[in-house]
Amino acid sequence: MSVLEAPAATSVEEAELRRDYDALGERLARRGVAIDAIRDKAAAFAVAVPSWGVGTGGTRFARFPGPGEPRDIFDKLEDCAVIHRLTGATPRVSLHIPWDKADPAALRQKAGDLGLGFDAMNSNTFSDAPGQKLSYKFGSLSHTDPGVRAQAVAHNLECIALGQALGSKALTVWVGDGSNFPGQSNLTRAFERYLDAMREIYRDLPDDWRLLTEHKMYEPAFYSTVVQDWGTNYLIARELGERALCLVDLGHHAPNVNIEMIVARLIQFGKLGGFHFNDSKYGDDDLDAGSVDPYRLFLVFNELVDAERHAGPDFHPAHMIDQSHNVTDPIESLMTSAMEIQRAHVQALLVDRGALEGFQEANDALMATTTLRQAFRTDVEPILAMARLGKGAALDPVLAYRRSGYRARVAGERPAVTGGGGGIV
Amino acid sequence: MSVLEAPAATSVEEAELRRDYDALGERLARRGVAIDAIRDKAAAFAVAVPSWGVGTGGTRFARFPGPGEPRDIFDKLEDCAVIHRLTGATPRVSLHIPWDKADPAALRQKAGDLGLGFDAMNSNTFSDAPGQKLSYKFGSLSHTDPGVRAQAVAHNLECIALGQALGSKALTVWVGDGSNFPGQSNLTRAFERYLDAMREIYRDLPDDWRLLTEHKMYEPAFYSTVVQDWGTNYLIARELGERALCLVDLGHHAPNVNIEMIVARLIQFGKLGGFHFNDSKYGDDDLDAGSVDPYRLFLVFNELVDAERHAGPDFHPAHMIDQSHNVTDPIESLMTSAMEIQRAHVQALLVDRGALEGFQEANDALMATTTLRQAFRTDVEPILAMARLGKGAALDPVLAYRRSGYRARVAGERPAVTGGGGGIV
Amino acid sequence: MSVLEAPAATSVEEAELRRDYDALGERLARRGVAIDAIRDKAAAFAVAVPSWGVGTGGTRFARFPGPGEPRDIFDKLEDCAVIHRLTGATPRVSLHIPWDKADPAALRQKAGDLGLGFDAMNSNTFSDAPGQKLSYKFGSLSHTDPGVRAQAVAHNLECIALGQALGSKALTVWVGDGSNFPGQSNLTRAFERYLDAMREIYRDLPDDWRLLTEHKMYEPAFYSTVVQDWGTNYLIARELGERALCLVDLGHHAPNVNIEMIVARLIQFGKLGGFHFNDSKYGDDDLDAGSVDPYRLFLVFNELVDAERHAGPDFHPAHMIDQSHNVTDPIESLMTSAMEIQRAHVQALLVDRGALEGFQEANDALMATTTLRQAFRTDVEPILAMARLGKGAALDPVLAYRRSGYRARVAGERPAVTGGGGGIV
Amino acid sequence: MSVLEAPAATSVEEAELRRDYDALGERLARRGVAIDAIRDKAAAFAVAVPSWGVGTGGTRFARFPGPGEPRDIFDKLEDCAVIHRLTGATPRVSLHIPWDKADPAALRQKAGDLGLGFDAMNSNTFSDAPGQKLSYKFGSLSHTDPGVRAQAVAHNLECIALGQALGSKALTVWVGDGSNFPGQSNLTRAFERYLDAMREIYRDLPDDWRLLTEHKMYEPAFYSTVVQDWGTNYLIARELGERALCLVDLGHHAPNVNIEMIVARLIQFGKLGGFHFNDSKYGDDDLDAGSVDPYRLFLVFNELVDAERHAGPDFHPAHMIDQSHNVTDPIESLMTSAMEIQRAHVQALLVDRGALEGFQEANDALMATTTLRQAFRTDVEPILAMARLGKGAALDPVLAYRRSGYRARVAGERPAVTGGGGGIV
């Protein structure tokens, strides 16, 4: 195992960055913002990467693998380590079971060697694993057959057990349960069954764990989905108990929905558990965070930064990336996405909140929105780069990665994969 | 005041109806359904008409009034009486204050003479009434100014007082509060203020009243709306108390949203208060119920009929029409819509629920959905017509209305109205 | 090879159907409609089934195969024959190449034995076939690499050649070409390359063939799609020539789009080539035709029937089903869908077009839409059943299929398939 | 008449701007971009303001006027002059007839005194003007009654005549024609009538004029709109002739539609006539340009800048703002919007097109999209401010406007307006 090290910045690069940083510092100082404090917050920011994200994704039509696809969770952890080394922003990995099932001791050892930790565990009851006794074709935690529900509950408990051995502190539950036809499923009975099964899982949740549930409007079910929106997600979290919280995936909403408002509501009622970051234009496109509508990502962070000012010590929503990389090198997409998420966070930190509140109170809509936009349009790249520099990460992670030859090297080590019908993403 | 009477059916018409009814009865009997029982339920079905619906609606671009526009609430009540006489399905009228403000005794007298009662009262804080002290330009119940909030609360309490004098038992609150720009409003503070104001209203709600709140995704606010979806609506109802319930307007959702699922969730958690029926293709189009997607209307009633089997005596969601009639005679649209809603109800009654449950339990998606569709595609017109015949209503209400010359008559009595910019709907 | 025969109707079944048919006939006669003429048109109606539709579909998350999955095109043809025998409505099969590639003589022989013909050929350049030289990961007919474009052109020409050997008369081209990121592709250059490649295919199109191009808003590309909507599709057909026409898949549009209007426009400008029928609620859900919004399907046929009155002999748009059957027996879904499409056609035939035109001319919106709805709500099941009876098909095809034991039989003959990641649909 | 003059920048302000400009200049120079050349292009950029935009807009629910609402076109021109003086970016005004009908000589005199010119003329056949002979309730250019169509044609010709007297060179036609119910209108006949009427208008179009047609998905018609999308718009432009071009309003599309792609297609086929700039989240919200999704605005300009490199001298699409200002001072919104549009243009100028093409050719999706994003995230405010400084416009137009006391002054001169039902926007 050879871990990639970030190359040192050249003196020219560093000098240029310093000049840009100082010029920005001067502008921000005029607005009353101390740039170094912002840089320190940027440096402290972290987002987890998904183990499944380092493989090439696909659609139901096709999957087009790239060179050097990771063969197992150990390969995946190495790829994740590259991302963290070069960006300094992704210290933890989120596992998907049974895809990443392995000896816990070996996993801890490998992660430790790579300088990585483990984030939330993800269960999978939306596809059938080889050798699985009962099928999830017609649902899992909400299935009409109690045997299938019991199997799905047991699988989730197994995820918790593995997570405990790994030092994880959260279980994320996303199910594909739903229906494809009006009438196929009794919408109420299905949700009752889901809640009962979730109560069983919650009952065994360790005291220091959180249970994160994820809503999604549609896909893989195309008429109804059991956990279809934040309203249902909130009801789940409330029914289960204090450690049950809602996860917001940015691509899981109806067209035009105001996502930052959902974030605000969940915060207000104590139920925001975290995020699956990505971007989308049409459905659950799982595109790179900030690549389609960067202002939307900023507006989400605007709510988070605003909430942090009033929130108690328990307010620490999980930050995770959940993307499908169909046409890019997954490592490059994950690095870029981590930095875009960090960028939105930093931009949100620049909002002049005192001014904003004054404008809001006075119903000065134009100046209020201008205040947000002024923060958003600030080019904070020098702050992000300086934060990376301070942590020994790369000034330009994608460039450093390309120059490293990492992909070509692992392509030599890992056998080529053929396409197949659709990706498991 | 001359009230229109439904014309008697000719003997030929009645004979033809009887033959159609009997033929349908035979088909239904083969499915184990007794047609007379269905007809009796159809006859008992009622939906309230909105006082504002009998005037021609408009858009922000224009309003094109028709002949004989009602001048005041008394004219409106006469138009509503026509609808009820001819359809037998709309015994109650829902008032909008201050538009319909009038002496309660006179209102009761008039309604009584016309054989009408009063349904839910509707407050209006989305436009400024002439002489109003403070403006609702920047909100009402969620306004940053406590004076505006107090004014809006007082207005709602006035609506309750008037409603008590009229025998109404519910207040419907829909506000246009929201924002047009990111940052214009603090999403959380605005909702806190809204909840506080609603608590004041709820505190004075008579014991036998229900408080119905209505969510809407957008319009008139175009970036955020304080009560934007059923999730927020549910939180309101839960925060306020037992008599606070959610109203579902079929046109107030994001594109593609599964509305029947929202209905199911609200029933399950004891918070479905009722409906504003209409149809839509794009936004809050306020088109005639069932005119764009009749199957969706059926699926909503499918949930209601299913719920009635298990529900307690308190389950009686309010049925109201809320439409904007821009290009039709409003009386004709309201009659037709009332019958379409009745039709969906009757079709839902025909679903073979025993068979459906069996198919659902067995995950026989094809037969489950076929079971719904078989009920939907039954042409229940003979049942509806027979129900009308039994109540002395018109066999063909639109035809009877046209033959009556009612519109021409009131056009002679009521002065012509000029268009104006946009309608108040 | 054993072909399923439709069971004869019992005398009771036939007598009941006769009574229902006569009762409906009487009602229709009152409206001036001769039921037998409608039944004859219903009997003449045909829609093609897709070879790929008889296998279980899937999503990018999973595929859950059923018992007796067809192993190859010969198995698929047998399944298609069952559909046609029992419904009498699907005499032709549409092939997908290279999935269905086989010796043309063997294919003709098998189809002939089964009483089937061949409809449009479908090329596949949205996934990589085993052994394929160049990858379609970044596009096919619009790829930046001329070598890839040439390969895709050659593949389409191969489809034509095979189709000629089979008696097909059309090539359907759907490509997944597009981009996942703003900037990934130059939108104009990509379309220029696509057009150039299509011109090469069109140049070799046999004189008696039609070239059908299919637009789709998104998926598998998630930021831009080269042939994204009917506007672009129209431009293609116009650029290529007279025999190039547009194919409309009902699930390939933006939310809320008025599809029947697109159909009308393409007819008006001589470019409607045909349909891929299915239904959807969210995206390209590929659900069973008429299962989510049956009125929309009716409104499409309303345009077709209206156009037929004025159209020349060349107006014969192709009718094909394109669905993904994830939770049902594909044979059952295809039979039911064929009948739903037939139903919409028959309902559209019942529209009183003289009355409708009068109402339209007079801007009598209410009676115009009532005229459509009256036709739609007519329960035409007796007409469809009588048409099947007359052709020796099954009264109740799904019931007959279930009773036949066909699925269990082929499950014994065809080895079980394991799930896999995502379906090729 | 007193025209507002932009205040001179203080020496401190100017010095700070100079430092920011130089720092940005250094960064851009490293990318090979000469900042002064960009500043000159920024200074040359112009967008027209709509006369109707300086009054407060409204919705169908209400209109809440602000102080100092313009009473007539002469007041409106004064407001427009303020916008141009302070931003230096809006030299022309687009008129709406009959709202702005006045003596042409007086209009020219006033505009000349204010330093303004006239952009495209806009006809209005979506509302009934006082005293108008026939109503547009059921359509205008596509009405079933030839008399109404003739009236609408005559009105458009009158707009041209007035525009000729004013020095305008374009007519913009947007109609609200459509239907609210399936069946209300024959979709094909309506479009035929529309085309015939448009041909009459085009026949009289002066040789040096352009005819711009605008599509819109819905509103005020809620089931179908005659010119519903760019496909239909393109057909109109092609049918009419060379000087007929398509206008793209950014808020007139279906949810999720890729607007920049439509822009690209219209450019490719020689039919892009221009823009109505605004922003939207849900429907035709008419919000301030760039306020909801600034990246989308940038992507549109990315297409324009790309096209300019290849385009002939005739490529000069019209830039117009079309917004409804319901909660802001319209002058402030229009100034801010003009600058946001200018900002998007400047950002698009910064795209490294050589690098982009290389990445596109190599299917390097990540670097291609990063190239766009790098340009977008550049804070070009110093460039815009320097361009304003060079033209004698205000460094900070909104601040200068607020300090000027203009609104208070005109509020004293212009009588207060009461709200009314819905705005004419």
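Each chain carries a letter (A, B, C and D) given by its place in the written order, and its residues are counted from 1.
Rule of thumb we're sticking to: a residue touches a chain if its C-beta (ideal position, glycine included) is under 8 Å from a C-beta of that chain, and two chains touch if they have at least 3 such contacts.
Note that the structure is predicted; figures quoted are calculated from it, not measured.
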item: Mutual neighbours - chains that touch subunit A and subunit B alike; value: C, D
item: Maximum centroid distance from subunit A, chain identifier (CA atoms); value: B
item: For subunit A paired with subunit D, centre-to-centre distance based on mean C-alpha positions, whole Å; value: 39
item: Multi-partner residues of subunit D (each touching 2 or more other chains); value: 137-138, 179-182, 184, 217-218, 223, 255-256, 258, 281-282, 288, 291-292, 295, 327-328, 363, 365-366, 369
item: Residue numbers on subunit B that touch subunit A, as the complex places them; value: 137-138, 144, 179-189, 191-192, 217-218, 223-224, 228-232, 234-235, 253-258, 260-262, 264-265, 267-269, 295, 299, 302-303, 306-307, 356-357, 359-363, 365-366, 368-369, 371-372
item: Subunit D partner contacts - residues on subunit A that touch it in the complex; value: 16, 19-20, 23, 26-27, 30, 255-256, 258, 281-282, 288, 290-296, 327-329, 332-333, 336, 343, 363, 365-367, 369-370, 373, 376-379, 381, 398
item: List of subunit D residues in touch with subunit B within their complex; value: 57-64, 126-128, 130, 135-138, 176, 179-182, 184, 217-220, 222-223, 255, 280-283, 285-288, 291-292, 324, 326-328, 418-425
